[in-house]
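In this document, chain identifiers A, B, C and D correspond to the written order of the chains, with residue numbering beginning at 1 in each.
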Amino acid sequence: MQMNMVQAINLALREEMARDDRVVLLGEDVGKDGGVFRISEGLQDAFGPQRVIDTPLSESALVGAAIGMAAYGLVPVAEIQFMGFIYAAMDQIFSHAARLRSRSRGRYSCPLVVRTPYGAGIKAPELHEESTEALFCQMPGIKVVAPSGPYLAKGLLLSAIRDPDPVIFLEPTRLYRMIREEVPEGEYAVPLGKARIAREGGAVTVIAWGSMLERAMKAAEGYDAEVIDLLTLSPFDAETVLDSVKKSGRAVIVQEAPLTCGLGAELAATIAQEAILHLRGPVLRVAAPDVTVPLAKLVDHYLPSVERIRAALDEILKY
Amino acid sequence: MRRANPRPPVDSRLSRAKLVSMAEYIIDSMTVKRIEVLDPRGNADEALLPPFPDEEIRRIYELLVLARAFDERALTLQREGRIGTYPSILGQEAAQVGSALAIGKEDRVFPSFREMGAQIALGYPIPLLFRYWAGDERGMRSPDDLDVFPICVSVGTHLPHAAGAALAAQLRGDRCAVVAYFGDGATSKGDFHEAFNMAGVFGLPVVFICQNNQWAISVPVERQTAAKTLARKAWAYGFEGVQVDGNDVFAVCRATGAALEKARGGGGPTFIECLTYRLADHTTADDASRYRPDAEVEEWRNRDPLLRLRLFMERKGLWSDADENEAWERARGTIDEAVREAESAPPPEPGEMFDFACANLSPRQQRQREELEVRQVRQV
Amino acid sequence: MRRANPRPPVDSRLSRAKLVSMAEYIIDSMTVKRIEVLDPRGNADEALLPPFPDEEIRRIYELLVLARAFDERALTLQREGRIGTYPSILGQEAAQVGSALAIGKEDRVFPSFREMGAQIALGYPIPLLFRYWAGDERGMRSPDDLDVFPICVSVGTHLPHAAGAALAAQLRGDRCAVVAYFGDGATSKGDFHEAFNMAGVFGLPVVFICQNNQWAISVPVERQTAAKTLARKAWAYGFEGVQVDGNDVFAVCRATGAALEKARGGGGPTFIECLTYRLADHTTADDASRYRPDAEVEEWRNRDPLLRLRLFMERKGLWSDADENEAWERARGTIDEAVREAESAPPPEPGEMFDFACANLSPRQQRQREELEVRQVRQV
Amino acid sequence: MQMNMVQAINLALREEMARDDRVVLLGEDVGKDGGVFRISEGLQDAFGPQRVIDTPLSESALVGAAIGMAAYGLVPVAEIQFMGFIYAAMDQIFSHAARLRSRSRGRYSCPLVVRTPYGAGIKAPELHEESTEALFCQMPGIKVVAPSGPYLAKGLLLSAIRDPDPVIFLEPTRLYRMIREEVPEGEYAVPLGKARIAREGGAVTVIAWGSMLERAMKAAEGYDAEVIDLLTLSPFDAETVLDSVKKSGRAVIVQEAPLTCGLGAELAATIAQEAILHLRGPVLRVAAPDVTVPLAKLVDHYLPSVERIRAALDEILKY
């Protein structure tokens, strides 16, 4: 069926909940309201308020309770309404979700998914347009996933829910309803930890993820560029990245977040450590500037544009 | 034996039955008061009548009208795509205007995102409010003679700032008080707790005002907390919580005034729960009919805060239909003017996103700004 | 006029004076009970006497002795450099052992870091405790037949887990309850609030047990909160809080038993404040004489939880000096054995730091592990 | 006077408090107890409980209140007792301290210092040995500083306190009492944003900060290695780093934190973007593995050792 990413994620949740009654949803307004983006539309009706739980407005306890639930036989999928509100749950995610298996030496584990809409471009108020995936990518014990379209969103979410460890699942709001494509019903899992060659090419490797994939693909038109869709941001698929860069000798990383200490830095550093002898020129990063994401009037100037990516391609191809 | 340790000797099932015989006595007790002046039909016991001069009462009403006219227009502008997502204050005008009127120039105010009625009553320039909601952060720069913090979108996270501002006042001996506004949903946040606790421990000059509009998006207050009142939460921190009829502008104003006076005089914090109702959708992006019954909304429409003050004034002979029409006309005129001013402001330059990133840009930020500006020029 | 908006009409100074005339009535009230059985001299009103068989009372006392012997030894081992920084439980044995004894095998326990008395009473292997405090995380793996979460060092952050475990039990219909332990300092954390609130909203089967030892490192409980009792905080979340004499093992055990029974029966959460005292330094890295008066400590020494039970038993003819000596000898023997076992365990291999990093190591982690092991071999 | 880092920081606080009565300290146990590391020893006696404030055990409100104080004319220096407890304050630091100037368009600012002991090697319980500086380095609006010795600690803390924006000041616990050196009384500021050449050399550039500087210096003995002490981690001094790397053609980054997405990644990425044509070999990172820092028994195997740094030097010098 043709569907957008909201519908694909909804379908993934529905199927997983039907398949495995340990899967429960919790979050603010996920129940009767179906979530502010309608991700969980109809799920409370289908599975009851015991499995689709509206919580009080408490991001820390919401994630913290999900940790306790995960330790005791459930597979919670917690929603943080916008990524800008996940910071209150950082302590729970980092001090606890990431470490429960290790602290208890395997006695307890934390098969938890924290889903959250992320990214800029929807012209919403402050803290509604964050893309701080790198905060989580530096936490050992946490996986981070960001789909770039409906089909992948469903498959990755299935994998995330089935993963025995905590996964942060980042949904690019800008793409929620932008892309419609065929999304099959039933099982298919897109594995975690594997990147995808979104477009083959030989002269330059472009690495992108989440909402930037769409722009990277547009920018690549007319270039002999290979585009890698990272999909899992942590642990990221270094092999696919390095193989491509070794072949092309040129790398451009496209990152929605501010430049400094974003995930792009780790990708560039990995390339600089492990593929440097194959490089023809610098590893270029196209990223937002090092400022807080501005409100609607300026956000288009903040986000990496197709033009900026093209400019980077033109530059690197000079080498 | 459980493992190497001596076996837990007590059969818990045994002990459970015999509690009655324990010595129990009461060591602590608390009560919560409710304060009201005007009833929904605009009646007030003569003995309780507020002593405002007639002219002031009319001006209070006009401010309520202005707040509502602002809200009306904001909703229209949103539908026309001229501002972004907007949270209506419909039904909460008395709780916002009434409390704000008690706030002095010297006081410090920390609003949440649904406090436009309070901002307007405080004298915050209405064009700036429109600009903010249109996505221009310059709208959040409070005029120099007004101490109103930027709108806080992250629910409840501004409460520690209010505590800190009050602590600063206390340490520096500034004779002022601090007011923080927030919703019923915010009472579930850790920051609410930590800030309230700190206010209690240090006896801070702060007044916490909860707009209990009974909904946090789709979550009714009964699912937000099992506490019978929100006001009682203050007792957990050793200070008083009171509930006020939040649709009664007189009660709100005077409860706030009393709490502020207490705060300024070193009497410590107060928590005021204004029990009111969100008559509109959560925001323009919401559809409240998905989760709440129309009957409940209708019931609260009857307790409209403007209506009751108007009925009161009419009964006292202070207000006529002509006054009403004029008040609305004046308010809409003010709003028209504000919209014009807001929309005629030149849009921000892209480089302005760097303007207040920090006091001094790093070399990298500097370069990023230059690159942005060069791109800009190229595109023009 | 303040800016373009109609001038705030009310002179706040005017309104402040006239509050007396408002309608005020009480809409909410709460009380806190205190529960006690044994007094500090070991007396108990005959009518209130707990119905434990004599043999059980002796065994309770022996567990208190064991907990204290553990503590004694841990302090010695720390001085000898055989374990790391250690937080003494001296003075809190009754609150810990008494509550733990009421906990069933089916229940789930979430300890803080100063709960070794509870862990011992629950049957947690003592050698594992020594290993943990010696810096070996393998000591935190609870035996499979015991549901005790790892010690939580980050104050208060485990309370949401307890709420979640209780929610899981509620959703799955597991007939068990959850117990979370924490200190007075933890009551100031946002996570305390959010977890308590969630427990109230969902009516969760959880018993929150605060060891109010009256100090959080150097901060006395009066500077931790302005609330008269900690117990009253529960009312902010719509459930009962009680205060128990935390040095009275009978009172603690039976208050806990009652709360657990209520929880298992669907009666929702309870908060038990055990009022006790930290007789030792905060940890072996602390020097409490810097911040608290000896006289206070002395006063609490007189309320020693072991002493009062011993006096009670002596008066009842259940206990002699010989029993006392034997009990200590047995306890110390158990501890000797546990230390031997702990110290004879082989140290962890360096590669073990990867063992539970996640279910499946990433290729990068795999390589890091291999590199670490190669370095290891080279150094050997 | 000869002093260790604890004494130097104490002296810096004392002098700043005497100079400027807007400077106030707050935190858990900073008052009567003088802080668990004795950093604020004697300061409450000297300046009174109004200026050295023991707070309740509330990391979020402690930082949040400091933000309110900073906005209203004070210069708060907040202590987080150990870095592992700062995660509860991430929301306040990132959503508010970092953004107050920007959100209010300059009407309010946040001259706040958050000090915290950080780093491993003191054999303390979980969460007492974290080094997650990169979390903060990715926050526009936040400065991050990490001194490597007593003299620098005092000078940098003076600069941090005088800085008009929020600064996270990371104090390497392992060095607190390890190094004693001459620390003058009175004013001298070590500027923020400037790295220091701790040792000159030509064949390879070693970049380190905080507690790793000491190991990097030991490792460099006998090599023609230039050692850069970063000092300010954000914004870091790219110029000094790039100049040195362009000269030496070789870079080794030493980072205490787990490898992935640490600050070393940004340094390597910056080098790979801006100095790649000068490089003779890969940019090497010596870092902890991607696991939670283990407890006492294994922590020595976790921390980058002098031997590992030497091995990296030997490797890079093959190019």
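FYI, contacts are C-beta pairs under 8 Å (C-beta built on N, C-alpha and C of every residue); 3 or more make two chains touch, one makes a residue touch a chain.
Quick caveat, the model's predicted, so the values are computed rather than measured.
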| item | value |
| --- | --- |
| Which of C-D and A-C has more C-beta pairs touching across its chains | A-C |
| Inter-chain centre distance, chain B versus chain C - centres from mean C-alpha coordinates, in Å | 37 |
| Length of the line joining the C-alpha centres of chain A and chain D, rounded to whole Å | 30 |
| CA centroid of chain A to CA centroid of chain C, Å | 39 |
| Where chain C touches two or more other chains at once, by residue number | 137, 154, 157, 188-191, 194, 197, 201, 223-225, 357, 362, 364-365 |
| Multi-partner residues of chain A (at least 2 other chains) | 56, 58, 60-61, 84, 88, 91, 95, 102-103, 126-127, 140-141, 235, 260, 290-292 |
| Chain-level touch network, classified as line, ring, star, complete or other | complete |
| Chain A residues within the chain D interface of the complex | 60, 84, 87-88, 90-91, 94-95, 98-99, 102-103, 126-127, 132, 134-135, 137-138, 140-141, 234-235, 257-258, 260-269, 271-274, 276-277, 279, 281-285, 290-292 |
| Chain A to chain B touching residues, read off their complex | 28-29, 31-34, 36, 54, 56-61, 84-85, 88, 123-128, 259-260, 289-292, 294-299, 301-302, 307-308 |
| Touching residues on chain B, where the partner in the complex is chain D | 108, 137-138, 140-142, 144, 149-150, 154, 157-169, 171-172, 174, 190-191, 194-195, 197-198, 201, 355-359, 362-365 |
| Residue ranges of chain C in contact with chain D within the complex | 84-85, 113, 134-137, 153-157, 185-186, 188-191, 216-219, 223-225, 285-286, 290-291, 347-348, 350, 352-354, 357, 362, 364-365, 368-369, 372, 375-376 |
| Contact footprint of chain B on chain D as seen in their complex | 24, 50-51, 53, 55-56, 58, 60-74, 76, 88, 91-92, 95-96, 100-109, 140-141, 143, 163-165, 193, 235, 238-239 |
